[in-house]
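Heads up, the thing below is written out as structure tokens.
As written, the chain order gives the labels A, B, C and D, with residue 1 at the start of each chain.
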Amino acid sequence: MSVGAFDQIFIHLKQWLLSPLAGRVPGWLLQIVSSLLNIAVLLGVFLTLFALMSVLERKILGRMQNRYGPNRVGPFGLFQPVADGIKMLIKEDIVPVSADKVVHFLAPILVAATAILALGIIPYGRNMTPFVIDGGILFFFAVGSTTELAVFMAGWGSNNKFSMLGAMRAIAQMISYELPLIIAVLPVVMIVGSLNPDRIVLAQKYYYFGFLPHWFVLTPWGATAFILFFVSGLVESNRTPFDVPEGESEIVAGHMTEYSGFKYATFFMAEYLGMFAVSGLAVTMFLGGWHPPFPFLAFIPSYVWFFAKLSVLLFTFIWVRGTLPRIRVDQMMNFAWKFMLPMAFTCVISSAVWYYTGHRLLAWFWSFAVIAVVYIVLSLFLDTRRKFTPRTYRFAE
Amino acid sequence: MNSWITSNVWLIPATPVIGASLILGFGKHARLTAAAVAVLGQVVALTLSICAFIPTLHAHAFRVIQNFTWFTFGNQPLRIGFVFDPLAAAMTVMITLVGLCIFLFSIGYMAEDKNFSRFFAYLSFFSGAMLGVVVANSLLLLFVAWELVGLASYLLIGFWIERPSAAAAAKKAFITTRIGDMGFFLGILWLYHQSGTLLFYNNGGGCLETAGFLGASATFIALLIFCGAVGKSGQFPLHVWLPDAMEGPTPVSALIHAATMVAAGVFLVARVYPIFCVGAVNGVTSSLSVVVWIGVITGLMAALIAVAQSDIKRILAYSTVSQLGLMMVSLGVGGVAAGIMHLLAHGFFKALLFLGAGSVIHGLHHEQDIRRMGGLRRVLPITFATYAIGMMALSGVPLLFSGGWTKEEILHATARWPSSHLPYYLVLLGVILTALYMTRQMMYVFFGNSRGHATEVHESPRVMTIPLIVLAVCAVAFSIVLTPAWPWLESYLGGHAAEFDSRLLFQPMVLLSLALVGAGIGIGVWIYHRAGGEIDPLQQKSPALFRFLENKMWIDEIYDHTVIVLAASAARISDWMDRYIWDGLVRLIGTIGQFFGTLTAGTDESVINAGVDETTDGARGFSRVMSRLHSGQIQVYLGAIGLGMLALLLFYAWLI
Amino acid sequence: MNTVAFAIIAIFTLTFALAAATNPRLMHAALSFAAMFVGIAGFFFLLGAEFVGLVQIFVYVGAVAVLIVFTILLTRRETQPHHGFKWGGVIVAGAVFAGLLWAIIKTSAVSIAAPLVKALTVKQIGEVLMTQYVWPLLCVGVLLTAALIGALVLVMEDRSER
Amino acid sequence: MTPTLQFFLIVSAALFCIGLLAALSRRHAIFILIGIEMMLAAANLNFIAFWRFGARSPAPIGVMVVIFSIAIAAAEAAVGLAMVIAIYRHFRTTNVDQFNRLKG
């Protein structure tokens, strides 16, 4: 693989920027500066992406519903987010009287912070991981699990029935789907033998027969785990069809009901950033990170590949949102605990099978067999033709 | 010479058993699956047994055995195994083929039954166990399979458990056969004691190969084993269960109580024949003569009873009994091959007859009384034709039908029996009677004008008629390998080459049997040609005899008034002893115990308790003081812990 | 690892700990409890045990804190309010702290600087966990399962009471 | 200069005592649990500190102990909070002063 100049251009840029400081200031200061640089770039890139995404989503949804999306502000309405941003900024920031001021204030910050932190460990290109942590994946999930607390704070802080209900729902579904999310990652971690994202990406750099990429999504367990991971990701970022927490028709806007102006914008942004983070992790884990799908395409810079894959996933997010209706709470819970979790465990087992039958065609067959058997058995046990359990609002009482 | 399957012959019985367990696994709602699995299992078993059958043709005295140690107690390994020889081969093919036909038939016959799948599970289970009996190379293994067969038959007789009569019949069958099996088991024990092994063939070490050393005890062992055969094959003293077993569904009667299981007794005798032959003086031993006489009595008696029965299935049942008697006779007089040949032929045509009866019953909506049938030959043409073939075969019309040749072989053998000629004549009589009652049945069922509700009669569906046709073809075609002109099967079973000799085709015996059969049929036609109404012509002539036969010679009643009464009274006596003698003793001991109890109790109260009370009082007072400390508030406890920790800290500090 | 970071983390942690211990508003106390655990995780990072720090955040901030706030939520409707403070506890705690402090100061053996060591990778931990500590691991698994079931059984409200 | 083991010990001691304080002087049952968790955290901090400063053994024993203690603490928290809820259902209060059924 030839490391082209374009591929490393950002690295060189950063080094060039840091070069005047080098030697003059103590090491720790240099370190801090470089990480600040990373953070700045990260924020810049992803906020831009967020702006772009927000308008593109509206446009794509519009196309899906046979109408033009926003097309007035700027060329193709591309400046729509700017307009929205300004609107949000100059809106009055209302804080309810009976609200718990501090918590109410802290919640959006915490949400956004966690989302941004989670973005920190994803390798965006060759040597382009902002923060290399040995337990990067664990870091991701540790930070992600903090979101629940933030959401709860939002719900509690704005002392409001709907907010509380929304927060409850959000936390319930996040906790329920966090298990499949994490356990679906385990197979990859087990096979690679490391929690380090860079290692995981590097483990997928080979090609079967020279052209078939060695991505984990191309193995039976990998494919299953990827699907599970993607669905759980949908839930984790409260996207349709799992947007129960902010289902307008049921509870006004969930935990964001009492938020207005910039805080609301922050929530909005945090949701999108979370989406980016989950998709990025999915790309890293299953879709071979920044590796090109075919060896002869290696001349295209690695980060391009990463963002290409990322945008495919994001488009899928939007597509799903444009396609599927909202799902009922209890059905969602049933699905999590009765189907997703066992399937995730099955993925672990089948990856173990794969590992111990030596990654050959036989291994492929066996690990597939394991998954197939469990899938069939599961679908026999909880056949959806029988109605799900009568709906009970555990968290609404 | 021995292919893969002959050395893994255990697969043949294993297949249906696996099928049965699968069916039970699927649950009662998977009806189609159940039938499919059962039939598939039969097909596989049939293919396997044919594959195993082929190599046995090429070699004379072919025999493959595979033995292994089941378990070891003390230093004695208990070895069991499987054997595959012409006898087993012929039996397996017959059982699987007939079984397949009957399975197919019962798909149609049991179509409306709610326990369809359970039925097929039992059926497959039975066929597996039966095959196990056939291929067992150890008397113990054979006994196990034998009991499993018995269990299957019990389950299937009582299949319509909601009918009290069926339940009673099942119980009767089970218990009656148990009586025989008890003897069988004693025989096994005795044999093991004598020969030290239960393997039939073990390269010269098996109990059959060393049967010569058994000596005088061989007679008794043989007789004890024969008890088992008597029980299973419904021979004279223990035949009472077989007619009642007709309470089960007709396919069951066809498979178990006509074709296979009841033949197991004959098969058993043939299998352990060497033990019967120990110390034979020109082919006659006391045990064998017992077999002969039992067979003769059974055959004749059953034939007589069959003449006066009015239930279509019961008639067939009694004919089965008498045919089994015939086989026993032929075994007894030394015509082993003849007996087995008759067993095989009988398997085909009796299954055919039963299925025909089943088809008739099905067509008449479960009407079984022949007096209410009649004129069905127009309504049920296929059934009629096949049934006629079966009837011919059973009554032994020579030259063309399989039954004829085998019967003649048996007659030959019986005629050659040195010790007495009475069995021969009695068998001849039996032949006439057989022809007679079959004719009677035919006249009643298919000829004359229809009585009873012949209105909504319908021919059975294809799935039922095709097995009939197949079996009919078998019953005819089978005769080819049976002709004395080319006694292929006989030599195959005997293990010597067969040579064609057309002179043997026509012998006096042919004419004789022709005459007998003709006589039988003729009498039948003459008596019953205008059979009609409730009154049987025979009944008009001699009511007493007819009633005597109709009530099966009152054998059940005799048992009721002898055996059952004895058992009951014995039970009553033991009950009385239990009540008054043993119980009294127990009570006496009890009172003594009570006396001592009161004694010790007194001392307890006055002496020991006082001391204990004092101590407990002290303890209670102390604890009352201590329990002041327990505020029940967790934080106080926590604080105490903290202070304790502080104290420890200071203590250590002081130590340093 | 330098003293500045240590001081910052220590102040952060102890402040939030005190807040958690004394704040009369339950929810704030619980949240500062969570924050305190972030601080402790920071200590772990400082001490070169990233894995444990991450696990700490994962378990406490992600799970235990949520549990606690949920419990607070479910037990909100109090029959009688109970504010007020037991000063006995303060005295005991203070005494214990004094004792410990004195002991720590007094022992000179603990005033040592950290030796330079290479970082502990997750891989090492995993290997040790899977070889040497596999039985304890299994036992902990069983314990967690038992705790899960026990907790469920405890809070399972029987429909009869409603 | 870099912080010595002493600092860490002092911090964890302070943490421990704050936990003790919470457990002893708050009336709300949940606070007792919070205090216990704090004390456990202090203990964990000690373990890690000693592991870091003490003589290195091939097996990271301190880390192991902390991992297990975290797991056990989680279990303890789950059961404890469940008990709090159960008690609340029964007494309609979480004031530990009311729970003196065991008073002798």
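Heads up, the rule we're going with is that a residue touches a chain if its C-beta (ideal position, glycine included) is under 8 Å from a C-beta of that chain, and two chains touch if they have at least 3 such contacts.
Keep in mind that what you see is a predicted model, and the values were worked out from it rather than measured.
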When B-D and C-D are ranked by contacting C-beta pairs, first place goes to C-D
Rounded to the nearest Å, the gap separating the Cα centres of subunit A and subunit D is 33
Roughly how many whole angstrom separate the Cα centroids of subunit A and subunit B? 69
Any idea how many Å lie between the Cα centroids of subunit B and subunit D? 73
Between subunit C and subunit D, what is the gap in Å from one C-alpha centre to the other? 6
Scan subunit C for residues touching two or more other chains and write them down. 2, 51, 55, 63, 70, 86, 88-89, 92-93, 96, 100
For subunit D, give me the residues that contact two or more of the other chains. 20, 23-25, 97
Listed by label, touching pairs are A-C, B-C, B-D, C-D
For a test of understanding, state which residues of subunit C touch subunit A in their complex under the given definition. 2, 27-28, 31, 34, 50-51, 54-55, 57-58, 61-63, 65-66, 69-70, 73, 119, 121-123
Complex contacts: residues of subunit B adjacent to subunit C: 635, 639, 642-643, 645-646, 649-650, 652-653, 656
Within the complex, subunit C is touched by subunit A residues 28, 100, 102-103, 133-135, 138-139, 141-143, 145-146, 148-149, 152-153, 156, 164, 171, 175, 193-196
Residues of subunit D defined as touching subunit C within the complex: 1-11, 13-28, 30-31, 33-35, 37-38, 41, 44-45, 48-49, 51-53, 56, 59-60, 63-64, 66-68, 70-79, 81-86, 88-89, 92-95, 97
Contact residues on subunit C for subunit D in the complex? 1-3, 6, 10, 13-14, 17-18, 20-22, 26, 29-30, 33, 36-37, 40, 43-44, 47-49, 51-52, 55-56, 59-60, 63-64, 67-68, 70-72, 74-75, 77-80, 82-90, 92-94, 96-97, 100-101, 104-105, 110-115, 117, 120, 124-125, 128-129, 132-133, 136, 140, 143-144, 146-148, 150-152, 154-155, 157
